[in-house]
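What follows is subunit A paired twice: with subunit B in the first complex and subunit C in the second.
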Partner chain A sequence: MSQPVHFHAAADFADRSLAAVNDAGLRRNFRSAMDYLQTKRRAQFTDDGELELLRDLGQAIRRHALANLPDLLEQLEARLTANGVVVHWAETPAAANAVVLEIAARTDAKRFVKGKSMVSEEVGLNHALEAAGIEALETDMGEYIVQLAGEAPSHIIMPAIHKTRQQIGELFAARLPGVAYTENVDALISIGREVLRRKFAEADIGISGVNFAVAETGTLFLVENEGNGRMCTTVPRIHIAITGIEKVVAKLEHVAALNSLLPRSATGQAVETYQNFITGPRQADELDGPDEVHLILLDNGRSQAYADLQLRATLQCIRCGACMNHCPVYARIGGHAYGTTYPGPIGAIISPHLLGLDAAYPLVFASTLCHACVEVCPVRIPITDILIRLRNEAQARPGSADATLRGSGAGRKTLVSTIWRAWSLVYSRLRLYRLTSWFMSRGRALSPIEQGAWTRSRTPLVPAPKRLRDLIKERGK
Partner chain B sequence: MEHPHGLSRIYPVKPADVYLFATCLIDQFAPEAGMDTIRLLEREGITVHFPEGQTCCGQPAYTSGYPEEARAVARLQLDLFPQPWPVVVPSGSCAAMMRHHYPKLFADDPPVLAKAEELAQRIFELTEFLVQVAGFAHPDSGEPCTVALHTSCHARREMGSHETSAALLANLEHVAVVEQARIEECCGFGGTFAIRHPDISEAIVTDKVASLKDSGTRRVVSADCGCLFNILGRAARLDEIAGSPAPTLEGEHIASFLWRRTGGAEQ
Partner chain C sequence: MSARKNILGRLRRAPVGDPAPLPELAAWRASRPPIADAASALALFRANIEAAHAEVHDTTAQDWPALLARLAAAKGVHTLLFGPTSLHGAQLAASKPAGVQLVPYDRPVEKWRDQLFDEIDASITGAVSAIADTGSLILWPDANEPRLMSLVPAIHFVLLDAQRIHIDLHAAMSAEAWATRMPTNALVISGPSKTADIQQTLAYGAHGPRELIVLLRHANGGQP
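Showing the complex of A and B:
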């Protein structure tokens, strides 16, 4: 079973989003899932004052971490090393995969179990392992489902949210030997657990993500609801954690504050079922735990965002997914249409750094700028301001002061920029505006019935017979 | 009245004079909404000044990623309001542009930035101004009716003026404001988004039209013409497709609705 390599395909956004809006079943799945998640989140934050205070705190903690990023990363590495964790730095996805493959080769590991990790999706780790003849089984139930279906996650928290329980029942019956169709959710989970439980015991290496890496203590903090994360990080003899360089925080107490926002914003849970604080391999006097613990710290374009004081806020993200849960565009097209590892509003602002603006620029236009994401973001990322900035970058004249990112200017189209120049000319020259708007109202009978994309779905816009400025003038007489 | 975080502001006492920035959409497509705005303000004993040099706030280019083109247009508006009077804008979206985004647009040009920041402090969305500054309190003299309120995303999340729009309607004795599903969700307009992503925009606005109709009314009011044109244009097209003999959803700017309900001229 192979997952498609999907994260370089942002250019096909228009086709995929069209297919998605015309898929009634998909639309229904996402609508009901988003409604459910929005309601659950709202129920968690009944006190607006508390929420706003927490968001201020979350923002301050993340901004503090990013303002001290180089120092904190050094401190993290030193602490982790002292705790017996091997730290690896990876600039690219290929480098991250190479680290994993080297460890596998050295230890003759053939079987991997994986906890949920979006960074492992980002680097395409499963493909790299598969190519090396290594089985890597996803153990998060949602991830397991999309892996079984040969798909990619459609949501960063709930990877299989695009599927109904009926579809999952059909999938299990088709792919798992001896399993009969059922749409009973508890039964489906038991079936999945049965398969996974055996694999934990057999695995050589466990892979996990990291929610926050604490610099002062060298602690990897990992949350989950199924216990599979704890299994992946304790049962196999080697644990490899992989995360982005931005996930560091200065102090252990910062985890408490951020985690009072994370599950409530993400799934509307007061707290996760499992919170793992990982501080190193098994010590001599301990019964459980792996012999080796590794942490891979991935850059993959994040340093470009870090270097720009406005775009740095992108890295404040704690990956709760609330922005996509509240996005009117995401609710209509789902996660796969974006074609990137990270979909929705956060995907649109982080992907240009991971993939280059030339590959990702269509996504920065896939927003109505309604601010729903900004309103719910637990760490107050100014997502819409960043989207506007990336739109500027995407259409900047190459070589101009506005073109500062990898792939800037790739979205510039001569016709479109000519239209905007003309628009600007009309609306910034009063005489020209007066003349143009006068002609539009006097010639209203001649207004086109076909107004391009507007009239594909709507009746035409027709100018009023007299402009407001004409009515005011007449009234003054 | 509670405001979204960061949107609270101190309101001036009722002034003798205000400027009207009417927006390009009202000037060209909905001038009656502009006239009703003037009438509402004048009835409060306020003299309304309409600087003839106004064109557009520049938001279409700003949100489309053409900052230079947006600056050229916005720059023209900055000199139109020399007196220290409030500037009333009958659109939450355009008001948010002038109040919150002008300072960002001119961040690298200190002399102009000072001007933009000064102006930003004086920008008020119409319903915000009527409630918080003018103390609007006129009895409803219309026949009983139902209406749905659509508040634009920028009114709701950047100006906090969804609450003042709702308060004005709530004070109309014979008007029942209906509950609608997902009232806080975008209508799918998004300026040039409607043109750039017509299919997604259509999907969103179709849902918006459905939830408005499901709310049990045939009339929607809004303080934003952009959303209104999008919603009503889609509703009218759906009526055409269905062969409906009469419109199933009608709407108007909240200024016109308020003016008519509170004793303004019959339409």
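Showing the complex of A and C:
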């Protein structure tokens, strides 16, 4: 299968994490960003009753959408088609890119502007376009910065969260002709605005993501603060939206409910500057708006998550990023160490379906299971339960009933599985258990001092001199 | 067509989970009753949109063109984009505001894109209604007032009737029956364009308007 170009083998995850935790500057940037986002979110949800009511509702809306997913997708397609929007289906990243390239070839389009779209990152669209000699310019300020730096986003909502204003000032001075160094944020934003303004006016095609697709009305709902999303979906002659098949909701009013959770959970703002409801291309009497609107519905492994009733909850996600903003692991290693399009807790539970568990399994172990993500998730995804399930899948014997996913069993190690097999043998037989524990406590002096990763920062595990049952017996005397 | 068949086929073959009935929004709606008096709704709207860096000015059905002309002059606006076929557009043109050149949006954007991007200082559009809870304006761009009017010029003036304030987006959608008559584009705008993408520092005027100025049109000629 084709991997997005920026995907790094998860096998190197430990190395990248180690490098990240030793990078003091990076640690500082993430720590202050996480503190900022956590504080802002808390300030939005001062009424626990309201928050829990909304989370129940958010969960119910997303579960309802998933329970009816195939029907809602067909309804969405029918409504969009009636509205004049062209709907495409893509099973793989390559197929999604091919749709875009076909539209570009048919219309002789050479210049693309892109609004923030994580799904376009997921499929590696920029790379596919470049390979075809097409310029694809990111226009969200954060995305523009990481594109200019030749990097990938390190956060799904705030792509350049890992950079300081000084680093961005240096980047602009180095890469933009005639631009002098400044670390004044207003000045930096003005520079970005001026550079990109011409690009909007000249673009042939605008690409965007979708926050929610409404089956009832055939509406694409997009939110943003900058206005670049509206530029991309309004100025060019053609607008192509790309999204995962799970992003559909049944009713228009569901958008109102979900969007009272999304911005507050994501960035701790009450509302985004722009909520953009797109329900069709330009009509005959209208003077602007795209002549063609396309929607690409991408599967890319989502139907695998869908096929399992426990893992299906992964698809409830509204991509708010709150789970990563509150994750002690993400806060310390940052987004790039994950090596996947989606980092943090949501990245750990969705990536195994997009890339295969064999490619992504180290991520499901990169969690303390502290539950912070579960507490903040606005649609109540049981992230830690899913992580544990995926850990089991990763270590299942291939071909066994526990190995149900693409790449299950890839994390299985003979030594580890032998130890656990012996453990379950001993613990399920009383006499054997007594005998073993007797030998262990008597032979405690023989415990190894070196216990691999455990003893790297902890004292070695040594059985107690007396077993619990012996202590109880003594007490009873 | 086979990708469609394959994807839908996989979804249809998946096991059926616990029943998930159509979500009940009643409890949420009960917790968000409409604001009893219009003055409080208006005050909340105003406080919230001002907190988002927008300006709000009180005016009347007769006086707003003159107020607009004064504000435009104070802000150094030379060219003001308007929709000549809208009711308020016609009223504005008839008022012949001094010191500002009115530019009608009267042809497809392709015919004058560069001029729109480079030569227009400000625009004036109407708003359908507004939202108190989040300090938001609802715009339904159409042939009279196209989509880009609220996006491309650096200053966006919005004419809003003071009695059209809903508590939240859901209340607005229900009262205005959006689901039965969605326009090609509906917008909810909550302040001037902004970004916090550089080190979480808020900056205004990212790609859309730098300034959002609400002209609050009060009925029966009075101030609030």
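Here are a few things to note about the model shown:
Keep in mind that, in the parts below, the second predicted complex is superposed on the first by the 419 of 477 C-alpha atoms of A that agree within 3 Å, B and C clash if a C-alpha of one lies under 4 Å from a C-alpha of the other, contacts with A are read in each partner's own complex, and residues count from 1 in each chain.
What we mean here is this: contacts are C-beta pairs under 8 Å (C-beta built on N, C-alpha and C of every residue); 3 or more make two chains touch, one makes a residue touch a chain.
Remember, predicted model here, so these are calculated numbers, not experimental data.
In the superposition on chain A, A:437 makes contact with subunit B only, while subunit C stays out of contact range. After superposition on the shared chain, subunit A has more residues touched by C, the comparison being subunit B against subunit C.
In the superposition on chain A, A:373 makes contact with neither subunit B nor subunit C.
Touched by subunit B in one complex and by subunit C in the other is not one residue of subunit A. Contacts from subunit A toward subunit B in the complex involve residues 14, 17-18, 21-22, 27, 48, 52, 55, 328-329, 332-333, 365-372, 374-375, 385, 388, 390-395, 402, 417, 420-421, 423-428, 430, 433, 437, 440-441, 452-464, 466-472, 475. The touching residues of subunit A, counted against subunit C in their complex, run 29, 32-33, 36-37, 50, 53-54, 57, 60-61, 63-64, 66-70, 73-74, 83, 89-91, 95, 139-142, 145, 158-161, 163-165, 168, 185-186, 188-190, 192-193, 196-198, 200-201, 216-219, 225-228, 230-231, 234-235, 245, 250-254, 256-257, 259-260, 267, 270-283, 285-289, 297, 299, 303, 306-307, 309, 312.
Those residues of subunit B lying in contact with subunit A across their complex are 2, 4-5, 22, 24, 26-32, 34-35, 38, 50, 52-53, 55-56, 58, 60-70, 72-73, 75-76, 104, 153-154, 157-158, 184-186, 188-191, 193-206, 229-230, 233-234, 236-237, 240. Residue ranges on subunit C touching subunit A, taken from their complex, read 3-4, 6-8, 10-17, 19-25, 27-28, 31, 48, 52, 105-109, 113-114, 117, 133-136, 142-143, 146-148, 151, 168-170, 173-174, 178-179, 182-201, 203, 205-209.
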